[in-house]
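As written, the chain order gives the labels A, B and C, with residue 1 at the start of each chain.
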C-alpha cells in the first residue's frame, strides 16, 4: 500500500510539472493578452507565458504560480521609478528574456528588479536589469539558478546604491555567467550557504565585486573582478573555496583584490591577482591555503594583518609587485614555501630547482613605508636600494620568520 | 649655431668614450634580457642603472668635453660668430650625442626582443625618455661646472660631488626629514622636495608607470591627485624640461661674461 | 684701424694689463714682445673680444667692438696652442671654419704650400704637433683680411715650414695688411718687424722701431736689447697708467669705478 502511494505521488507530480501538459499564453499588442497580469491571472501552474516585444508598465509583477515567464525579443518592464520589477512568490518559477528597468532608489525599502521570496527551484536567466536599485534579490530562497543576466546600475554613492545580486538566507544557489556593474556590491552573500558563483564578471562596483558575510561552504570560481572598490571581501565565513578567479585593477586607497576578515579553513587556489593596490589583505583568518596563485604587478601582493595563524603560502608566483609581502603580526605559525619570487637573487648550486638561500620577501623599505607612508615617493631610488641591500646583509628591522626557505628558481607556468 | 652643433656632434660620435658608453648599455641591456625573460623585470633593473649611470656619465662627459675643447673654443671665438652660438652649440652637440648613444645602447636589445609587440612598450618609452632628458640635464650641469671652474681637478671633483648629492645624499636627507616629521602632513612637502631633484623627477616619471598600484595605496589626497592622474606625469615632464633649460641659460649667461 | 684706450684687465687679483694705450693704423708688422706673463696674449685676445677688459675701450675700424663679433671677419687669428677636436678629420675642420665665413678662402693653395695634402683625411688627434701647427696656420691665413694676429706662430715648426711661413708673412705685409705677432724668437723680429711693442707687467715700456730700441739701450742686437730692458732700470713705462685721465667708463650701461692699484 505504501509503495502504491509513493508511486502515485511520483506519477502525479510528473504529470503536474511536465511542460507538455501546460498551456502557452501569449502577451502583447496583437496577442490574446494585452497585459502580463491578465495572463498570470488566467494561467495555471505549469503554464508558459510568452511576452512579446513592447513596453509594459505594470510593475510590480507578482508571480505566485509555478509558471515560466518568457520574454521574446527583450520586452521592457518599466517600474517607473517607484516599484519593484518582478516578485516571485511561488516555487519552480522561471523568468527569462526581460529588460527590467528603473525601479528608482529608496532609503526605506530595498527595491529590486527581480525578487525571490521564500521559495525554491527558480531560474532567472538572460535578463537585463538596468538602473534597478537592487538587481536580483533572493531572500530565504533555495536551489535556484541565476544565469547569464546583465545587471547594470549607475553608482551614486555607497549609501544610496544597492547590490547587483543579493542573497539573504539562501542555500544551494548557482550564480553563473552574469555581468554585474555599477552597484554597491556586485554580488552579496549573507547567510548564504552551499552556493556556487561561476564565470561572472563583476566590475566598477563601489564597494566589493563579491561580498561574503556569515556564509559557509560556498565556492566561487572563474570569475573576473575588475576595477571595484575591492575585488572580493570574505568576512566571518568558513570553508569558502576561491578558485581560478581573476582579480584585476582594484585600485585606490584601501583597495584590495581580495579582503579576508575572520574567516577559517578557506582555499585560495590558482587565482590571478594583477595590478591591484593590495593583492590580498588578510586579518584574523586561520587555516587558509594560498596555493598556486599568480601575483602580478600589484602594489602589495600580500598584506597579512594581525591574528593570522596556520596559513600556508605555497607555490605561488610573485612577479613585478612593488612589495611582495607585508606582515604586521606574528607570522611564526604560517608556512611560506616553494614560491617563485621575481626579486629572488639567490643561486641554485645543486641544480634541484630550489634556491640554496632563503628568500625574505619583506624588505627594509616596506618597513619604512609602513612607518611613514609619504616615503613611498622614494621607491626604487638608489638610496632605497642601498638600504634594502644593507638590511639584506644584516637584518635588523625586518621579521626573520617571514622567509621562504625553499624558493623555486623558475616561474610556475600555469 | 647649427653648424657648431653638427661639428661638435660629428666629433663626439667618433669618440671612443661614446662607443664605450653605447657598448656598456648594449651589454647591460642584453645581459638583463639574457638573465631574465621577464620584460618588466628588465625594465626595473634598467631603470636602476639609468638613474644611477646616466647622470654620472653625462656630468663627467660634459666636464670632459668642455675642458678638452677649450683651445679649440678659442679658435672659434676668433671667428665672426656670436659667443652664445658657440657654447650652446657645443653643449647641444654633447647632449645630443650622449642621448643618441644611450638610446642606441639601451634600445637595440629591446627592439630585437620584440617589445613593440608587447604591452611594455609604454613603460619602455618612458624609460628611454627619462634617460634622454637626464642626459640633457646632466651634461648641461657638467658643461656649466667646467665653464665656471678653470681648475680641471676641481671641475671633475665638483661633478662627482653634484652626482653624489643628487643621486643619494639628497634622498637620504629627504627620508630622514620625512621620518623625523612624520607626525605632520607632509605630502605637499614631499612632492615639492622631489621636484627639486631631476633624478627623483625622472624616477617618479617611471614610477608612475611601473608602480602606480602601490602609489595608489597612499591615502593622501594631494598624492593621489599628483600621482594618480596624468597631471603628475605631465607636471614631472615639464619640470624635468625646465631642469634642462635652466643650466643652459646659465651656460649662456656665463659664456657671455667669461675671458678666454 | 685698431685703437686701444686705457685697457685694464685683471684676473682675480692678478693685474695683467694696467692701462694700455695702443693704435695700429699703419700697414706693417708689429712684434709684441715681453716675458711670459707680461700680458701679450691677453692684449691680443682683448682685441678679438675673447678677453673682456675691466676698463677701457677698443675700437676696430672706428667702431667699438661688440659681442656679436661680426668685426672679426676682418681679422685672422692664430691661437697659441693648437688643439682641435680629436676625432674630426683635417678637411672637415677646414670646411667647418670656412662655413663660418662667407669669404673666399685660399685653403687649397695653403694646403699645397705647407704640403698637407697627405694628411687631409687624418683625424686631428693623430697629427704631430708640427703638423697641427701647420693646419692651424692654414686655418688662420686662408682669408684675405686686413688684420692678421699671430700668437707664437713658429711653435713646433720645422725650418722648411718656418721659411714658408715667413714668405707668407712678408707677402701679407706687401699686400698692405696690419700684422701683430708675438714670438720669443728675436731673429724673426729683427728680420721682419717694422715696429716693436714691449710689454712688462701689463704696461708698455717701449713702442717704436727696432732700431730705436737698440739705440736707446745701446746694444747691437735685439736679443741683448731686450735682455738689457729687463735687467736694468733703463726705462720707465711710457704710459704710466693714468689715474685721473679717464677713470670712469660705462660698462653694460652701468657706471663702473675702476679699481686700479699700484
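As a convention for this text, a contact is a pair of C-beta atoms (placed from the backbone, for glycine too) under 8 Å apart; a residue touches a chain by one contact, two chains touch by 3 or more.
All of these numbers come straight from a predicted model, not from anything done at the bench.
Colleague: What pattern do the touching chains form: line, ring, star, complete or other?
Modeller: Graph shape, chains as nodes and touching pairs as edges: a line.
Colleague: Suppose every chain is reduced to the average of its Cα atoms; which one is closest to the average of all protein Cα atoms?
Modeller: B
Colleague: Rounded to the nearest whole Å, what is the centre-to-centre distance of chain A and chain B, using the mean of the C-alpha atoms as each centre?
Modeller: Their C-alpha centroids are separated by 47 Å.
Colleague: In angstrom, rounded to a whole number, how far apart do the mean CA points of chain A and chain C lie?
Modeller: So the centre of chain A lies 88 Å away from the centre of chain C.
Colleague: Compute the distance, rounded to whole Å, between the mean C-alpha positions of chain B and chain C.
Modeller: Centres of chain B and chain C (C-alpha means) sit 41 Å apart.
Colleague: For chain B, jot down the residues that touch at least 2 other chains.
Modeller: Not one residue of chain B touches more than one other chain, so the list is empty.
Colleague: Contact residues on chain B for chain C in the complex?
Modeller: Residues of chain B touching chain C: 3, 7-8, 10-12, 14-15, 68-72, 74-83, 256-257, 259-260.
Colleague: Once bound in the complex, which stretches of chain B touch chain A?
Modeller: Where chain B meets chain A, its residues are 38, 40-41, 44, 47-48, 51-52, 167-168, 171-172, 174-175, 178-179, 182, 186-187, 190-191, 194, 199-200, 203-204, 206-207, 210-220, 223-224.
Colleague: Please name which positions on chain C make contact with chain B in the complex.
Modeller: Per the touch definition, chain C meets chain B at residues 9, 11, 45, 48-52, 67-73, 75, 77, 79, 81-88, 92, 96-97, 99-101, 123, 136, 139.
Colleague: Which of the residues in chain A end up touching chain B in this complex?
Modeller: 251-255, 275-278, 297-300, 319-320, 322-323, 342, 368, 371-386, 411
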